[in-house]
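The block underneath contains the structure these notes are about, expressed in structure tokens.
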């Protein structure tokens, strides 16, 4: 098991290195610099600014100096938020995004699994069609549409929940989590339906039924584990997607998360912030993919034994 | 099965591969799938004929009229420029359908090929190919897009490519998983022992058998692509006003959903109907191509 | 150092300049300086600092603080974006560009602890106004030096736990992208007149979300409002919607170096074919004021010339004269704007107006903000959307944009007479009337060449909760929180921006 | 009175294509302490009949049309699901065919064993565990205390079937239904399991329904035999009566299908077509662990026109030898010489050329045909690939192949799933022969087929072998089948050859203990010999 994790982590190093390199040069190639603004500054001012952030050095020197800092875990100063380091900004934004992502994932798992299992138990009946149609809409409903809709209904017309914020007013975490989680709930519903259908057709389910077990026990004790494996395998990519895709929701609900920092950084050409966030997210994506693979393997005793060697 | 010998018309037997032909025959029996197909064909036909059948010019503004709810003159109402919404949706459909189908085809082509090769060859090749996919997943998409739009300027072809370049990643992963499991099957071994080249083997034996999940994923990709197009257009890579698309109409509509709900509802409906049609057709196609399912 | 309009509110809440603008009249009134004298020729300004003025750590404020702060602002190494605010000061520009390195030559002197003498290049009527611009505020030297060199940008002196300020409020919380809280300062010289106990600022990029927060009572004050919502709010009784003229102009830059826009007739035809009244009434929901020149009307009593109006017939004539009768032979034109819903609406409307009136095709290109800035600076466009918000109330702030080679010119417009009028004649003018007359003639010259197509004069648009008082609309959209008070019948004090 | 009395049971399936009568009015009975065997081909309705008794046929599409099934005086067919559930697993227990798939891979066997006991008898966890350990001991699991918390994949197929049996017996049922419990097992394991079932049945004095397609399997244990065909019972009788005085022609056909003879010896050509020398095929288990030596230092010759039988249990490496020769798995060392060419050195074009001359027939006719290619496409592919025929003539060639393997020409446009297992194997044979190969590896080509079909396919292979002049490596775990077909037999054990010789020699004078054990495991030896 540890060997397997070790190999995967080793494999991740070149991936992340390439990501850093490509991103580094990509952001530099994009037109407009961090200090361009609507009221352009004089050439002298710009030169002074660039000198302050070492942007006056040759690009390759900047690159290696960045890599050197990175090796020490230093992501550099933010260009946009003067006086703040990228590490600090990520430390401020990430917990929020992670929490949002976690709740969204819980929403997605809760709704998705229930709908998927319900559909799988009675395939090709309304109990199947209705949640699956909803799932289809859920997958394709963009969050820039779903978020405002939920806000209008629950925040404004019904006046049940706050329309924005994060941790400021009780209940303000509900709508963002729902908005972000719904698309993934839909995917999970489809995955768990397919997974459960597959498992329910297995011989060992027949064995369980031949033992005289009632339906709910057959589902809970015998089908769930196998049926959920595809869902678990999807969790890694899903969580990565949630992290990367949370900026729309963060913007709609005024949430001070990493996604918003990231997009602002991209618009501001905050080079160090873009790079820092990209590196951070790609490490996270690698880790979560690994975690979900391990979890999926752990759920399958046979694979568990294989990796255990 | 009867053992009675029947004379078979040889010319009929010569008609090459018949998987698609048979799938078509089976598809025709699936009422929902046919409905989906009819709707899609209808939408495509409308899109193609729009310049001749649109009730209004899609540019003509009537600023004084502004946004008006559905009426006899404007069946679906007008937008804030007083432009006929039905016309806008019809023209938007041209872009959205084109983007949806072409970009998805690009993604399909790259993703299926990439995934099939990685899954079939395996080993180091697979590792390198999939790491490349990982890298592309991790790159900051927005910067990438902005850069593309600047370096290459703005054109539709680029839009298709950009979207295809993003969407093929997941497609490749699915395909790879499918191929990996298919590769274990004996019929693949049989094909190898016949002396088939890897390319032929992938094309003839692996791809057709992996189509099910790919088709389902494709039907989900098309609407996503249509919405992604709106995002790219918003960033300046995609189409430019007064051209429009369903994704753009929906995102404009979402901004004013309280004041002018029809500006959201009707483009949303157009997309939703397309989405359901695609889904019915996709499920139908999957079943039709799954020759085993037809009888069991 | 912070830039941009929303941050401006926060800086002005926790810092105060030598003079502040009265929100009702926009006339300067005492800030850190309790009074000031201006010499006969207008070149020497002497500020008398209020002995009661203190930093938030209790240190008294002194004239030396200003000398040091302004030196810091003007230091080339600092790279301050707004250092030009002090360029009216003698030798300030030379120091900022590194021509001279001795700050003693710059016209800023502390005569004693409480007297600051400033020597200007020439009479600068708007100089006192500049003292209310945050770039000219004093900063606390010991704090800054504790965390690094004076000119280091990347130091943590602005943190809540470190910052020392001198305004009516002081920083309490700074949660990035979440909220910024300020509380009443107990060292502020005029603390008895400060009525709010504190203010909470919510940063937002999304004007739609902002409106929703206001609607459910999460905000007292919004920075803006979505266009589509304006009619709804306007019709409300006791409407919270407050709209007022704002010192800014929305216009399009025309690149006069490229055909077909190198022909003044084409430029004029395009400008005349724009029906600004209808555009404002319909697409813009009457939220702005049609503009026909660059300077907003009533800029401290100055009214710009109006040389033309909406005139399709004349526009067609001009276009025909330029060689494109009824749009024939039209080579096409590209209009660039930065990505935004409202810019798109205007561009789409204009595109169709030109099509209808002149039968010419104009294509639209929207660009991401930094890309757009790049295009504009490089003059890599034909027509580009642009806006200018005045930093101080004076026509000069708008008219000096079009000096030959000016950093914000971006049109290729160049006229020696114009340069002379703005650079030399106007500063020499003895009276305000004479000065405005020079501006009027210069602006006439400018608009005859039409290097820009003015569209509208901005208005400030806010939603203000009925319980909020002391937030009068003004031309600068200047928010002086010192004057604000809440009706006690209403909920806790919050403001958003 | 009988333990179970089934009368005129009728079950049908309602599908889109109409109603299909699966069980058409059958009657039989099971007595306490007796084994009733139900024999029939796949599709004869034997399993459906038994599943329907316990409500295990999914409804829809299944439908019980009529009949009665009296179990201890209660008609099972009239019971509600809840009542049936109480009987299932407590009074009537089942064992299924494939122990690989019938145990839940995600639960330890202990949990699965205890489950029926805990559910039906509400006993404590400790008591259930103790009982489970006892039963595991009884069914012959070594050291149950340390294996009870293992997962199914940690057991071999035979062991898993023992676990299944223990699970079925844990509630002391009165009736045990065993559905082809040995079909997926090796012969030696099969013999053990059959013995175990017979012992347990005897000891507990319970009734057993034993479902099988193979008369030979039940020859030693059944008390009563019911022969089914197409949903109907064609003959019922006690064991002796069926085996010695079968009346029904179908029963006779079943009996005749059991291979008993050995192939008459024939003169071998002196020149071997294939020489295998020191062949090793090892599979890497990743760094650090020993490779699996699937084939270890094996040498043998195959002469032109000869059928070489390769016998061994699963895991003995017999399939790997065939695949190694055909270069379908990478060879670790050693060489394979085919008509003067070293196959292990070939690459690309040359290898493709050689592939035409050697082909393979696979074990599982369900998996070895591309499900999305019609028979026509499957058969045409090798013809076109090797340019044996052109596009114009390929149609005729395909039809000729269909004739050769005994498939109706009308089926040429059909897909594999539309055929029965035997027909599919004919297609696979047709594909293998399409390139007119000199050498064919047949990897268990009949082990997945019913006995009657098995006999037909073996006949076909023999006939075609003669017609095409084939040299063949025939891989099988079934000694009787190999003896029937092969000129020479090689016995493989743990990747190494332990004995070889002609069928007659091996059967009459086995030299090695392992060979003798194999021979003794052949079911129904006593009755058939």
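The first chain written gets the first letter, and so on, giving A, B, C and D; residue counts start at 1 in each chain.
By our rule, a residue touches a chain if its C-beta (ideal position, glycine included) is under 8 Å from a C-beta of that chain, and two chains touch if they have at least 3 such contacts.
Because the structure is predicted, anything quoted here is derived from the model rather than measured.
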Original post:
Taking mean CA positions as centres, which chain lies farthest from chain B?
Top reply: C
Subject >> Selected interface, A-C versus A-B, where C-beta contact pairs are more numerous >> reply: A-C
**OP:** Please find which chain has its CA centre nearest to the centre of all protein CA atoms in view.
**Re:** A
**OP:** Can you check how far apart chain A and chain B are, centre to centre, with Cα atoms defining each centre and the answer in Å?
**Re:** 24
Original post:
When the C-alpha atoms of chain C and chain D are each averaged to a single point, how far apart are the two points in Å?
Top reply: 86
**OP:** With chain centres taken as the means of their Cα atoms, state the distance from chain A to chain C in Å.
**Re:** 39
Original post:
Where the CA atoms of chain B average out and where those of chain D average out, how many Å apart are those spots?
Top reply: 45
Original post:
Do you know which chain C residues sit against two or more other chains?
Top reply: 208, 368, 371
Original post:
Listing for chain A: what residues touch at least two other chains?
Top reply: 30-31, 148
Subject >> Per-residue multi-chain contacts in chain B, two or more chains >> reply: 146, 150, 258
Original post:
With chains as vertices joined when they touch, what's the shape: line, ring, star, complete or other?
Top reply: other
Subject >> Every chain pair in contact, whichever chains are involved >> reply: A-B, A-C, A-D, B-C, B-D
Original post:
Any idea which chain B residues touch chain D in the complex?
Top reply: 1-8, 10-14, 17-19, 22, 185-187, 189-197, 200, 204-205, 208-209, 289, 291-292, 295-296
Subject >> Residues on chain D engaged by chain B in the complex (per definition of touch) >> reply: 17, 323, 326, 328, 351-353, 355-356, 358-360, 362-364, 367-374, 376-377, 381-382, 385-386, 391-392, 394-396, 398-399, 408-413, 415, 417-420, 423, 428, 431, 435
Subject >> chain A to chain B touching residues, read off their complex >> reply: 11, 14-16, 18-19, 22-23, 26-27, 29-31, 133, 136-137, 139-140, 142, 144-145, 148-149, 152, 240, 262-263, 266, 274, 277-278, 281-282, 285-286
**OP:** State the interface residues of chain C toward chain A in the complex, per the touch definition above.
**Re:** 1-3, 76-81, 83-84, 96-98, 151-159, 175-179, 202-206, 208-209, 212-213, 215-216, 218, 368-371, 373-375, 377, 387, 407-408
Original post:
Across the complex, what residues on chain B touch chain C?
Top reply: 59-61, 63-64, 66, 80-82, 146, 149-150, 154, 234-236, 240-242, 252, 255-256, 258-260
